[in-house]
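Next up: the structures, one after another.
In the two assemblies presented below, chain A is common to both, partnered first by chain B and then by chain C.
And then the complex of A and B:
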């Protein structure tokens, strides 16, 4: 029984939050990695693109709620998601037309594109704040829990409770669907194949008659869909606040780089590695260890490796270690 | 020699007659920054008092009082110091109503008020560290020190049978000081503090912080944070993970946003907020609301009282110089004397002019103790039926 109690406590505070957070990071990192693989630069505006996408989801959700539309137990934001995706795609395509295409035509170096993307980041940042303001916005409705602590305790009779939030379940399900769809698209469709070809060898791809502007356009569309979904899921699960998405940039880049920039599989693995490291290293293990250890070995302190204030430091450290020892990442992406 | 004598006689005459002047008072509050939603009403409170005094025409033979606002930013000590410096050197203020947050208040006091010898009364700085700050008798506050709130909260917890508690505080001067004083008082009363951990404001997700607090355990979670910053996030994460279901909430967490966010989910949680039965701030709040500011926030009455105390002390001393009236502030604030409620500044000025003692009660039952800080009456709050209800006054 003690083992089970410990496991439930661990699931409640570590496994479930980390899996949900890892899925959100993975979706974000997939977008970063696609842009890096095909457009060949690190897109710093990614976090704020997520903020823009979720902002549209928030606004459309409010509109639906005002009209009395709802999905019953599921959040109304799911209905708003297609609008958010379309809006984000439109924003990205406009940005590409007005900004990135100019530099692409000049064959600008990746580092220049990175700086350009920072400029884009500040503009999107301002745009989001201008439209919805810098504050927290609530747009979650529907059933809060798939299983709540109280229900779980009644069901199992264990001392520890387990809560699975609807948003956590939703995050994982939607992330799995997105990843399957993305891999199917990249491996099975003509456009997907042409994107991979363009990423592997630009000159060869051009010689074989692939239209580069089409590839770029499809990339932005996929990235737009991924960012809108990732941003909305994060906003639903945690909270929507423009600044928070900017802060997400670091763990997202850490995930993409750990997995190997340009490798979609790596982005997913990286997302979970970063999420699990952040959560396990800053978790206080006292409760779990008290259940698992014999009484004589029970810890007195909190058994916390790092205070939760240092959560971001964990992604920094992972980033630096990977860059030092394995710059191509786990799945042999492109070196940075 | 004759000329000199005449000149000095003339100066003495002018000083004696206390000729009517235009007295400027600084109002230095965080008009931008984390409490920007509260400060317009606080400034309004102070300005209501100044207007009342000016209209009475009885201060120092008909002097008028003009407020000069300056921005303390609440968090940037450098900006607050510069703003206060400007008030004194270029505006020539005779006293300062402010600052608001404990950190900037300490900075303004040490860098500007003390070197220039100007009286400063803060309506809302509650850090215990300010009690022992070097102030040359120039610093007062109409808000109680959090050391007092720590004791009150500890008493409430013990009486309600909570024997162990975990504390999380917002990572700044206010949160740290309050958490320390609660921990000391609660342990002194025989309770057990399982952990004291900081949380940063403005994060999206507090489940990691709550995980650590849950590992430490306790009957109740004390959240010394802000109701429109990280505080509700911590409570939400604690409720979602089932880590805690009752909370102890000091003044920064008490606000209508709390009821809106949680309702009866935090049934049985307790709170403490400065307040007293003996005084009524509604007059001040109504006047402030009439100016268009949102007067539902805290420290509006305290601001009125802070400004009123400065002006009454000037009257008692017969001078608007800080060095003259600083010593009178405790006299007008405390017994003995005739009790003065909010809105009775006219009467108070007249009594003082006739040499009668007053005991200023004002909007918040001001009673200054020790190093010139409010003794601190508190309202004990219980969440019942999803509403904040007053259990009793302490």
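And then the complex of A and C:
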């Protein structure tokens, strides 16, 4: 019984939040990795693109809520998601047309593109703050829990409760759908194959008649969809605050690099590695250990390896270790 | 038009902008822009050393600036004797154990191989970590329990505050050496992400390690290298000379204090600028640029690229640390909560790119110009919004929203300026020669 109680506590505080967070990171990292694979630069504006996408979701959700539209137990934001995706895609395509295309034609060095993306980051950040302001915004509605602590305790009779938030369940389901759709697209469709070919060897792809501008356009569209979804899910699960998305940049990059930049599979694995390390290292293990350890060995302190404020340090250390010992990441990404 | 004439004109325009602020708004805000412009120019010089001379992509400027700020506290605040007695030595011991663990791990990593390394290294790190926490944690608790509302930290060395500026440089240089040792071998954009992370970690340490710099409780009342306004207002001779200028003593005293800072900052800027200029023109500077332009060729000529990169990374970060210490001295308090990457890292990058990367004069000009814009965009944006919305109804929601949002115009403007410069004048206002 003690073992079960401990396991339930572990699931409640570590496993479930980490799975949800990992899915969000994975979706974000997929965007970073696709841009790196096709356009060959690290996009610093990625976090702010996520903020922009979720901002549209927030605004449209408010509009729907004002009209009395809702999805019953599910958050209304799901209805707003298509709008967010379209808006983000439009923004990214406009950015590409006005900003990035010029440097592509010039064959500018990757580091110049990174600086350019810094400028784009400023503009997107400014836009989001301009339209919705820098504060927290609430847009979650519908049922809060799939299983609440009380229900779980009544069902099982255990001392520890388990809560699964609707947003957590939703995150995982949507992430799985996105990943399946993405892999189907990359592996089965003509456009997807041409994207992979372009990523593997640009010159060869050009020789075989692949239109680079088309490949780039499709990449931005996919990235737009992924970022809008990742941003909205994160906003639903945690909170929508423009600055938070900027801070997500580090764990997202860590995930993409750990998995191997340019490798979609790696981005997903990396997202979960980073999320699980972050949550396990910053979790206070006292509760779980009191169930699992014999009474004489019960810990006195919180058994928290690092305080939650140092969660960036976790992604950072993972990043450094991977870069030092296996610079191409777990799944053999590129190192251009 | 020769370069000299053009540069003089550019700087004259900059001076006009600041003087104009003085005439239109107030001399107080003009001096504020001047002082912050001087500090920004020094930061821009530091980034220019790294990016302009050596092509190192450091987006962790904020971290070094914050370390400079910490140095002010550690140098100039009086030591808290009670806290030292409560756990000072134990904290130091804990830190030594932590450092020894890391050094030992690096050593083991080199010595061991195969399975021994796979098992031994993590085991060593875990044991080291727990020993470190065992020594460190109680000491921190004891220190933070000493008068938490007033001190709750170890305090500093009680030295004159001007000494804190070089100390800030040293502290930042030390951190940069450690970071450079691990991260400098990486490709340019990996280095960028690594430094971004380092800066966040440094800020997290400042926010959470209350025993070190009081964390988010802030350290107020840092000593100043210039007299206090209150004292000036009491002094007979000062009041007399203020009357000579036709100013009331209160305004005169704030202006006098700000001018004092300006003089000090100008001296530092000139010293650093002359040194950077000499470095740029020396054989060492030419070697740096050769490495930047073609690493492979420079390596083939027998230059040790990694060591040179480490060297300039440390130097540039030290300059940022000095600027950070000056900034905290000007503020009179250390507030870790106010360090934001957009303001302290990316804005400095805009300064360097707009001014002209690779050119020290350009970096200085960029520092002043972008800082002036950063401050002035807000009132200008407000004014523009008033103008745009003047046709709308007084209580229109859109009008109110637009006017309220004018404050966020600065980020947008900075982004647009950066993109325009990169597109149409990628070498900046004063290009590298």
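By definition in this document, the second predicted complex is superposed on the first by the 335 of 336 C-alpha atoms of A that agree within 3 Å, B and C clash if a C-alpha of one lies under 4 Å from a C-alpha of the other, contacts with A are read in each partner's own complex, and residues count from 1 in each chain.
Here, contacts are C-beta pairs under 8 Å (C-beta built on N, C-alpha and C of every residue); 3 or more make two chains touch, one makes a residue touch a chain.
None of the values given here were measured: they were computed from a predicted structure.
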{"item": "Which of chain B and chain C A:315 touches, first, second, both or neither", "value": "second"}
{"item": "Which superposed partner A:307 touches (first chain B, second chain C, both, neither)", "value": "both"}
{"item": "Partner chain(s) touched by A:116 [first = chain B, second = chain C, both, neither]", "value": "second"}
{"item": "Which of chain B and chain C A:13 touches, first, second, both or neither", "value": "first"}
{"item": "Partner with the higher number of touched chain A residues, chain C or chain B", "value": "C"}
{"item": "Partner chain in contact with A:125 - chain B first, chain C second, else both or neither", "value": "second"}
{"item": "Contacts of A:204 with chain B and chain C, given as first, second, both or neither", "value": "neither"}
{"item": "Those residues of chain A which chain B touches in one complex and chain C touches in the other", "value": "247, 307, 309"}
{"item": "List of chain C residues in touch with chain A within their complex", "value": "55, 57, 129, 182-183, 186-190, 192-194, 196-198, 200-201, 204, 207-208, 341-342, 346, 349-350, 353, 404-405, 408-416, 418-419, 422-423, 426"}
{"item": "Interfacial residue positions of chain A with respect to chain B in the complex", "value": "12-14, 17, 21, 144-145, 148-150, 153, 161, 163, 165, 234, 237-239, 241, 243-244, 247, 278-279, 282-288, 302-304, 307-309, 311"}
{"item": "Residue ranges of chain A touching chain C (in the complex, touch as defined)", "value": "41-42, 44, 99, 102, 110-112, 114-116, 118-127, 129-131, 133-134, 246-247, 249-250, 253-254, 257, 305, 307, 309-310, 312-313, 315-316, 319-320, 323-324, 327, 335-336"}
{"item": "Chain A-facing residues of chain B, complex", "value": "171, 195, 197-200, 202-205, 207-212, 214-217, 233, 240-242"}
